[in-house]
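There are two complexes below, and they share chain A, which is joined by chain B in the first and by chain C in the second.
Let's turn to the complex of A and B:
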């Protein structure tokens, strides 16, 4: 805690009405556009609701329908595999990259600048870039692979290939985030601790596993948590490749929800799907939220 | 301890770095380069690096896709609007959370963080009909408010940790001189938290400029943004005009890429300053 922080912990300035008013815009935005709609979704998920009809309470029927819908389960498991694939591949690549770039290196600032580039691209342009390389028949990499006699990625017809490519593109987009968190954590590992470990006879490999990795574990957990939370929302990559096709086989939960809402106007079903996504996110975030609750109670 | 790396180690490291550069930069480079190629050169393998650049694709984009230019304008207006709303709301709230304590403040500070865990897509279900009723669909204001809502908690937490570093004595001295809350905030605190403002601003502008899903769902024509138009150009049935899309993607990318590269050191500051700290 900083000097200013310590001072303020003992400081008990009276909170005046205008202080509460100053939090108003921020809290108002969150309430109006996130919290209240989410609460409404929870209620809506227990109703049968569509355009032009008042919502009718049906209890847990929507969840029962979901549980009986093979397309939902397909979307659920697709999401499960995509999310876990993205998170752990990204963690491995991000950690490797962060380790690779720790320590002196010529042109390091320029190298880091290039590595951050994908985070500045919009999802639709990302799809443009990857389709340019992997478009069936004409894509640059596709042509090259055909030329070399290698099998090509049939992402437009094979749902597993679709999800694979969507995951690759998602990793490409978000690797800079994971990399930056781990890279800045690595720069805080004190060199003398590593030296002490090596003097005690640890190999560099052992020192990395037993010392470095332990010291940056909080950062790793944060990176993993945030990537889980955001990967559950995966939509654009799959949508822009095949819209969840062929035959809804490559749908993820966000696309399933989108279709229920905007195509079938089954708002109850869509809300139940949303609530499943919400529950998944909260379960994953629980340990983090517990810790942050203590932090919030302690003050900045 | 500075260990002298062996030649083998140095070679392997250099190769891995090269691989990382190809992975991150090549997809972007290919599209930017090919936006200056003629249609028949675009899918040549191996792609030619030496070619006579042409602006044909940009000319076609300008002539035949007036909606793209309009969408760029929309994206700019929405990014600037989101920036203003988010910075104002985050700074005001961040100040209070940094300087004052009460039961309500503790709980709401935590609540802001917890709200970030909600998958935003779920709110499209109740929001869409509500916004239709309010006639807010397809307006700039709507996207600005949505994006600000998605980023205001990150922004508040970043500003809270930056403002907490500002010595309280400075504020007290100004208060003794008779400065009010507003003066203290604008004259004393803000100049000292510029890096925080830049960090929040960078996150927000990059997000608002690039956001796809909500722009796709909540706009039709009037407030359509550039990422959505690029997505639509990909989905055209009569065959994709690759060169023109490359031109559009390049125009959309260059300003935001320049911003990220120029301000990258603030990204790290922002990420560690409370956004995602353990």
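Let's turn to the complex of A and C:
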């Protein structure tokens, strides 16, 4: 190796050590606060564990128990449908509103403020407010609907209505997140690119579909990914409405996990449920992450 | 002009200051902190009301401030177990409810027989053995009963008068008929439901099932919820729900919701703990202050008193408590007969039956005699065992299925038996 080559190799080694030194603290934090607890929970999921008793290794019994429990599967499918409903309705609404508001519109600032308003409301207060508005017999909205001869939403007795209402509340509360990401992405789309598309004869729809949407795709992927990960943990909306009732028919996975932890104190089962939720998040996130890496590799 | 008494007081104060010398100017020793995990009702019973603050002399004597950490029913128990299971806990005393505890948690708490032998609670034998048994596992007494919450029948006397009813129902069948009669729309458009109950656990439905001669789990751990008598009770509840006598959202109601129903006049009757009388008649919150009366539950179909549900809250000392002697001294104080009377005056359900005989209690608590009567035949919701919480959830789930019409009552209760039996202690 020449002198110059040796120097370059030495520089590379120095740079590598410098990188490790700089990223080390952050990696250490990740290890301490994410990886180690995750490893502990993974171990806990293979034990029978409760307060005041030593954890007993049971292998994969907890997972087998979950697989055989019809209530777990009901919670799984309820979560699946609720999460997908929430994420895609939010995406459609958020994108629609963002597109509307990037064009000319009076009182734009006021409208944006109104859209962002729910995110400033405490989650539990917002849910209780919705609940009281739609309370059977005495809820304001229920009474209006009855006066207007409309059918009322039987959310306290019909699990589908419960999950529908929970989804509406979740969309109401989290729409500002999706909207903000997409709105800010849309405002950064270069006008000259759109003008070029127009000169090339693209209609407004074609320009949106083939140019704008492609340009904001990384933002869409981030919004969808984050909302999926958060929505899988949906808890408060269903818990504060019915606690998963009636008859545990509207239960979602986070409530199942809550019962195992705080009601039955079965930490092994709770950890196994948590791991299933994690796996569910990963399975959903992987295609989006893959797409994001592809977009990033392709460059702007 | 200064009186002789005032002059003497000033002089004695000055002499005391001289005798204390430099100590008199030194700052007082900071009070120790004593942490109790409890529900708000325990704090109120021990410290607030016509009975006064029972803990005051103990705090003064020990130069200790009590920090009451209060939570909802489920959370109190959860927090108590969590604190007690730590290597080093912060709780000196915790309150736990019979149906949330079990043999698996016995190791978290002191065996209080040892303390009772060393420094006995006077006349401990007066506390009913059944209440002590609710917190005893494997011969070990893990907690000393403090409060019982026994169900009575609360009813709105204004609605009774409107419908020409003169008094509470005498039998369970009368109660069912009356609930139907009292389901109506008032002139102001308010929908009144004949009976309101919370279905967050089996405590309220179990009263009616027992009224029909049935039960859920017997004290010797047998599931009898599928017996013909139990199914009759369940079928009656389903029928009331179908007819709209029970509110549409009954399965979603919690204790607080029932309180609101009664306060707003949306419910004509409910079976709930006697001391809810205070909430239902609270002039600040109720539209019917002084008009919600309470009696013992009606007689069952067998003509005997319907066994009212009772719960027993008890005081436990975590094994990791720092000063167990001090914890026991407070348990002892809160358990004396005089304390029980004061706590009853503050709204507690006394674990010493003699409290009901006290003249002050009789004068201040209008339901004292009825509660004492109900207590004589009361039963716990379920006996304590490791899977009690899960079993109760299964019962509520299947009862919900029956009420919604997803299953026939007999099929639903057969399913309860099938799922709960493997969870029972062998």
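Convention: the second predicted complex is superposed on the first by the 244 of 300 C-alpha atoms of A that agree within 3 Å, B and C clash if a C-alpha of one lies under 4 Å from a C-alpha of the other, contacts with A are read in each partner's own complex, and residues count from 1 in each chain.
The working rule: contacts are C-beta pairs under 8 Å (C-beta built on N, C-alpha and C of every residue); 3 or more make two chains touch, one makes a residue touch a chain.
The structure presented is a predicted model; accordingly, all values stated were derived computationally and were not measured.
Asker: Would you sort A:136 into first (chain B), second (chain C), both or neither based on which partner it touches?
Answerer: second
Asker: Counting only touches as set out at the top, which of chain B and chain C does A:67 meet: first, second, both, neither?
Answerer: A:67 contacts neither chain B nor chain C.
Asker: For A:157 in the superposed arrangement: first (chain B), second (chain C), both or neither?
Answerer: second
Asker: Does the superposition put A:262 against chain B (first), chain C (second), both, or neither?
Answerer: Both: A:262 reaches chain B and chain C.
Asker: With both complexes superposed on chain A, which partner does A:124 reach: first (chain B), second (chain C), both or neither?
Answerer: The answer is first: A:124 touches chain B but not chain C.
Asker: State whether A:35 touches chain B only (first), chain C only (second), both chains, or neither.
Answerer: In the superposition, A:35 contacts chain B only.
Asker: With both structures superposed, pick whichever of chain B and chain C touches the larger number of chain A residues.
Answerer: Greater contact footprint in residues on chain A: B.
Asker: Looking at the overlay, what does A:279 touch: chain B (first), chain C (second), both, or neither?
Answerer: After superposition on chain A, A:279 lies in contact with neither partner.
Asker: Mind working out whether A:15 is in touch with chain B, chain C, both or neither, as first, second, both or neither?
Answerer: Touch status of A:15: first partner only.
Asker: Go through chain A and flag every residue that touches chain B in one model and chain C in the other.
Answerer: 51, 138, 262
Asker: Can you tell me which positions in chain A touch chain C when the two form their complex?
Answerer: Listed in rising order, the residues are 50-53, 135-138, 154, 156-157, 241-243, 245-249, 259, 262-265.
Asker: For a test of understanding, state which residues of chain A touch chain B in their complex under the given definition.
Answerer: These residues of chain A touch chain B: 2-5, 7-8, 11-13, 15, 18-20, 22-23, 25-27, 29-30, 32-35, 37-38, 40-41, 44, 51, 96-97, 100-101, 105, 111-133, 138-140, 143-144, 147, 172, 175-176, 180-181, 183-184, 191, 194-195, 198, 218-219, 221-223, 226, 229, 232-233, 235-236, 239-240, 254, 257-258, 261-262, 267, 270-271, 274-275, 277-278, 281-282, 285, 289, 291-293, 296-297, 299-300.
Asker: Would you tell me which residues of chain C are touching chain A in their complex?
Answerer: Residues 74-75, 78, 81-82, 84-85, 104-108, 191, 200, 247-249, 251-252, 266, 387, 389-390, 393, 396-398, 400-401, 403-404, 406 of chain C touch chain A in their complex.
Asker: Mind pulling up the chain B residues that touch chain A in the complex?
Answerer: Interface residues on chain B, with respect to chain A: 1, 13, 16-17, 20-21, 23-25, 27-28, 30-31, 34, 43, 45-47, 85, 88-90, 92-93, 95-102, 104-129, 145-146, 148-150, 152-153, 155-156, 160-161, 164-168, 181, 206, 209-213, 217, 226-228, 230-231, 234-235, 242, 245-246, 249, 252-253, 256-257, 259-261, 264, 267-268, 271-272, 276-278.
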